[in-house]
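Presented sequentially are two complexes of subunit A, the first with subunit B as partner and the second with subunit C.
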Partner chain A sequence: MGLRWFHFAAWGLFAFGLALLPELVSKGTLRTLIFANYLAIFAISWDLLSGRTGYISFGHPFLIGIGAYTSAILTKRFGVEVEIAIPIAVIVTMIAGLIVLLPALRIRGSYFALVTLAFMELMYQLVQVIRPDLTGGTRGMSGIQTLTRGAVNGFYLSSVLMFVIAVAAWLLLRTRIGTALTALGLNESAVEGSGLSTTKLKMFAFMASAFVAGLGGAFYVHYLGSIAPRALFDINFVFTIIVAVLIGGASTIVGPIIGAFFLTFLLEYLRPFLPGAERYFIYGGIALLLYMYQPKGIYAMVMKAWHSLHERAAK
Partner chain B sequence: MLQILIQGMLLSGLYALIAVGFTLIFSVGRTLNLAYGAYLMLGGYLYFWASQSLGVPKSLAVLMAMAFGVVLGILKFRLIVKPLKGDHIAVEISTLILAVVLQAGVILIFGDSSKILLPIVGGVIYVAGAPVTYNMLIATLASWTILLSLYLFIRRTDIGRAMQAVSMDTKGAAICGIEPDRVNLITWALSGGLGALGGVFFASYTQLAPSMWVGPLIISVAVVIVGGIGSIIGTLIVAHIVGFMEVIVVSVLAPELRGVFTMGLIILVLVLRPQGLFGREEL
Partner chain C sequence: MTHALEIRNLVKTFGGLVATDDLSFDIKTGQSVGLIGPNGAGKTTVFSQIMGELRQTSGKISLFGKTLGTRPTAERIRRGVSRTYQIPRPFLELSVLENIRVGFMPNSIWSMITKGPDKDREIQLALDVGFSQNDFEKPASDLSMGDLRKLELARTIATGAKVLLLDEVFAGLTTGEISQISGLIQDLRAKGFTMLMVSHDLPALEPLVDHVIAIERGRMIATGTFNEVINDETVRASYLGEV
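After this line comes the complex of A and B, so read on.
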């Protein structure tokens, strides 16, 4: 896998920084950081499916929502323990990932993006209509059991979750499967031509993405304690996830994390000046400009600057 | 029964009007303009501002909204689509971002609450006991007229034929002396104007709200997917399928199930027949 000492040093430093943060910042900032952590998890999940394989998903909340709703319904309506509900939610989400996989076997590009968008809208409508006694209908559910109390504990839980997922995804993508997945995004027929099964590779990517989405969604709902269909199956939520990945840098693991933190803090710092939804005007504007200027994201910009610095130092 | 027929016809006419601009872009440029719904929203809001705040005559306000849509279309092509050099995924993502930015811009100017638009043409006529507003009737008639003239425009005029050529094979068209960029620009301008016009009627059918762009976008997507690209007649037929399906579901089953069947239809068609019911064999 080509692991070098500085990889361990960088991840170690990152973990150390996360562990130290609650000592340095206020409770309010910690709550923001928790959201950034969950957004980073969702962004990693999106990146596993779309950033690598090139099958752009516009309906990622479909997967996240299934994870969140399954766990919420199991704990609240059936009194299942959280420790059992979350793994079940993850398995259900992975089955849902198989449903998303079906169209990907036949169509690609824009058409696939549209199917995923249709999946999300379908889910949004169905959740409100089918068995509202279970899902809570349009108003959603509240009073769901939470896992932690207080900002500090919530921050540690979300940080550990995000860190473990990030490292696992990073290791996974350094294996030969990771290389094959990246190749799938570059040229699908070439991958097929080299004797690899694209169906199996796609299935793997979708399963991995659904696993992370289900895990993130389930933990997220047990952090929030409430769930509502419009907040979840929303095109603005898709927008936030995709923008986090693209601004940070698609098909890297660090990129989505950078993007998620960058965006969450941008939104937070704009709050005093623009309290309402107007923040999205500035936020979206910055996202659009950054994306048009450098589609590979902040990660690519930093790497470029780093390399040019190196070259100058060598001269 | 008759009520369903009339309501279905009216809603379908509106849907055809909304979807046709989206079909144009998708057929010629082969890109999904996810900010298409924003044309409708901005067209509706501009009409609202001009006619209800400034007191401009209604017909003039409709023209203003259309002109605004044309300008938007041109700007979008020049500033976003062209610099991205035909990278479809990048165009889709940046138009999605743009749509959210425009929505936030509308909230910034007009506020978050939804607004009721006065009907463009007042009055109600009773057909077999069912109330039909003149407004919807006009929208349906306008939709039929526009679709018919668009069909003739694409079939009979030089620019229309050039659009067809670019939609079939961009390189081949370029070799024959057609400038694809110019054709694309015209298509984006046309689509913007049609979208804004559709938005005025759609807003007077429902109401003005900053989040009103999502619904029409989904309907346009459904119509284009099911109808297939490059087919105006397909757009018209499928708009009627979707419109009637919604009216039947709302009046026979339950109003909440309205979108479920439309979504199901999109997924089913995309998986079973990706080129659409009336589209060319592609993919």
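After this line comes the complex of A and C, so read on.
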């Protein structure tokens, strides 16, 4: 795995920083940070699938939504304990991940992206018309059991969840499976030509991504206490996830976290000046500039600066 | 001596075009065979059928006495046959060692996660094919064509295959690189690998093969030693352009 002391130091510092934040910032900022944490989880989930394998998903809310709806329905409509509902939601999301995998066995590129978009759209329509007594139909559901009370507890729960997912995914992808998935994204036929089953690798990536999406979706709905299909199955939500990954640095795990925090704060701090959708021009512009000059994202910029400092110090 | 590879009455058609026409030949274990023919003769199509990348219309392919049937490419590789391509297919953003690592990987997700890479084996193989220590961390995108051919050969060997199909290994190489790759192939012969090689570079091919098969329009037109095939009248007329 090639783990070094500075890896542990960096993750430790990050955890320490997160733990300290409630002492340093206002409750309003903490609420923003909670959204950043959940966006980071969704971005990591997207990165596990699309950042590595190159199978670009435009329908990630399909998986997030299944996790969120399953847990919400189980707890609110059937009185299932939340500790049981969340694991069930994760399992159901992973089964849904298998459904998304099916088209990936035959198509890729823009065709796959469009199919995933169709999955999201289909889910949006289905939750509105099929058993609205369960899903809440167009209006969604409210009064869903929450896991925490107050911004501080919500922040700690989302931070622990994000941190554990990030470290687990980071460790996982430092093993040979990370190399194999990266290779899959770079040249699928050469992976097959190296004696590896691409179906097996894809299945793993889709399952891992669905696991994180389901977990994130379920916890998110129990943080919000409500679910609104229009906000969840929204193309803007998809692009926010994708842009967070790309701005931060795809295929890195750390990049999506940086991107999620950067994007959430950018949009939040622009709000007083540009309350409408104009904010998206700014973030689109930043994303565009970054892709032009550093397509590998902020993480690559930071690493480059770190290496050049290191080289200078060595001289 | 057992046959590493047996091709029997292989036929491949694409609509009205017959790409492989009732082709049959055997390669003994440890033997090195050259497959020659003009452009479009169907040499690469034979490779693709052996690897399962193309499904034959009819006929049988056996590896070490066992029919390959409709087995997928990855399984054929695990059974012992692997190939290189006319245009190398590296993982451009991965380093030399990481490219080789993919070849060494077991086809088990669990093993990939729980067992670390065998760096010593990766380094040894990289050195064996002629990389230096300075090249190990270089991304494949920074390599020359000669190095890419070496890298592809290394990844093919890393799969553990004992039958290697080498497609145009000398294409696009400098004289120095040709002699380096040629030396590598000689080493592989000495180690007992079975090889089927396609090359238009006949002088480079000559010292590397025990036997040559010439095909034209998917049909075998001559077989024998290098000199026998090269001096065959049909081969001279169709391939070498001599009347």
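One rule holds in what follows: the second predicted complex is superposed on the first by the 310 of 315 C-alpha atoms of A that agree within 3 Å, B and C clash if a C-alpha of one lies under 4 Å from a C-alpha of the other, contacts with A are read in each partner's own complex, and residues count from 1 in each chain.
One rule holds in what follows: a residue touches a chain if its C-beta (ideal position, glycine included) is under 8 Å from a C-beta of that chain, and two chains touch if they have at least 3 such contacts.
Bear in mind the structure is a predicted one, so any value in this text is a computation, not a measurement.
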**OP:** Go through the superposed model and pick first if A:Asn187 touches only subunit B, second if only subunit C, both, or neither.
**Re:** second
Original post:
Which partner, subunit B or subunit C, is in contact with more residues of subunit A?
Top reply: B
**OP:** In the overlay, answer first, second, both or neither for which of subunit B and subunit C A:Leu201 touches.
**Re:** second
Subject >> Which of subunit B and subunit C A:Ile177 touches, first, second, both or neither >> reply: second
Original post:
Taking the superposition as given, does A:Glu81 touch the first partner, subunit B, the second, subunit C, both, or neither?
Top reply: neither
Original post:
Is there a shared patch on subunit A that both subunit B and subunit C touch, and which residues make it up?
Top reply: none
Subject >> Residues of subunit A touching subunit C in the complex >> reply: 1, 172, 175-177, 179-180, 182-183, 186-187, 189-198, 200-201, 204
**OP:** Using the touch rule from the top, collect the residues of subunit C that touch subunit A in their complex.
**Re:** 51, 72-74, 77-78, 82-83, 85, 89-94, 98, 101-103, 105, 107, 109, 112-117, 155, 158-161
Original post:
Okay, in this complex, where on subunit B does subunit A touch?
Top reply: 31-32, 80, 83-84, 88-90, 92-94, 96-98, 100-101, 103-105, 107-108, 112, 210, 214, 218, 221-222, 225, 254, 256-260, 263-264, 266-267, 270-271, 274, 283
Original post:
What part of subunit A is in contact with subunit B in the complex they form?
Top reply: 54, 56, 58, 102-103, 106-111, 113-115, 117-119, 121-122, 125-126, 128-129, 235-236, 238-239, 242-243, 246, 276-281, 283-285, 287-288, 291-292, 295
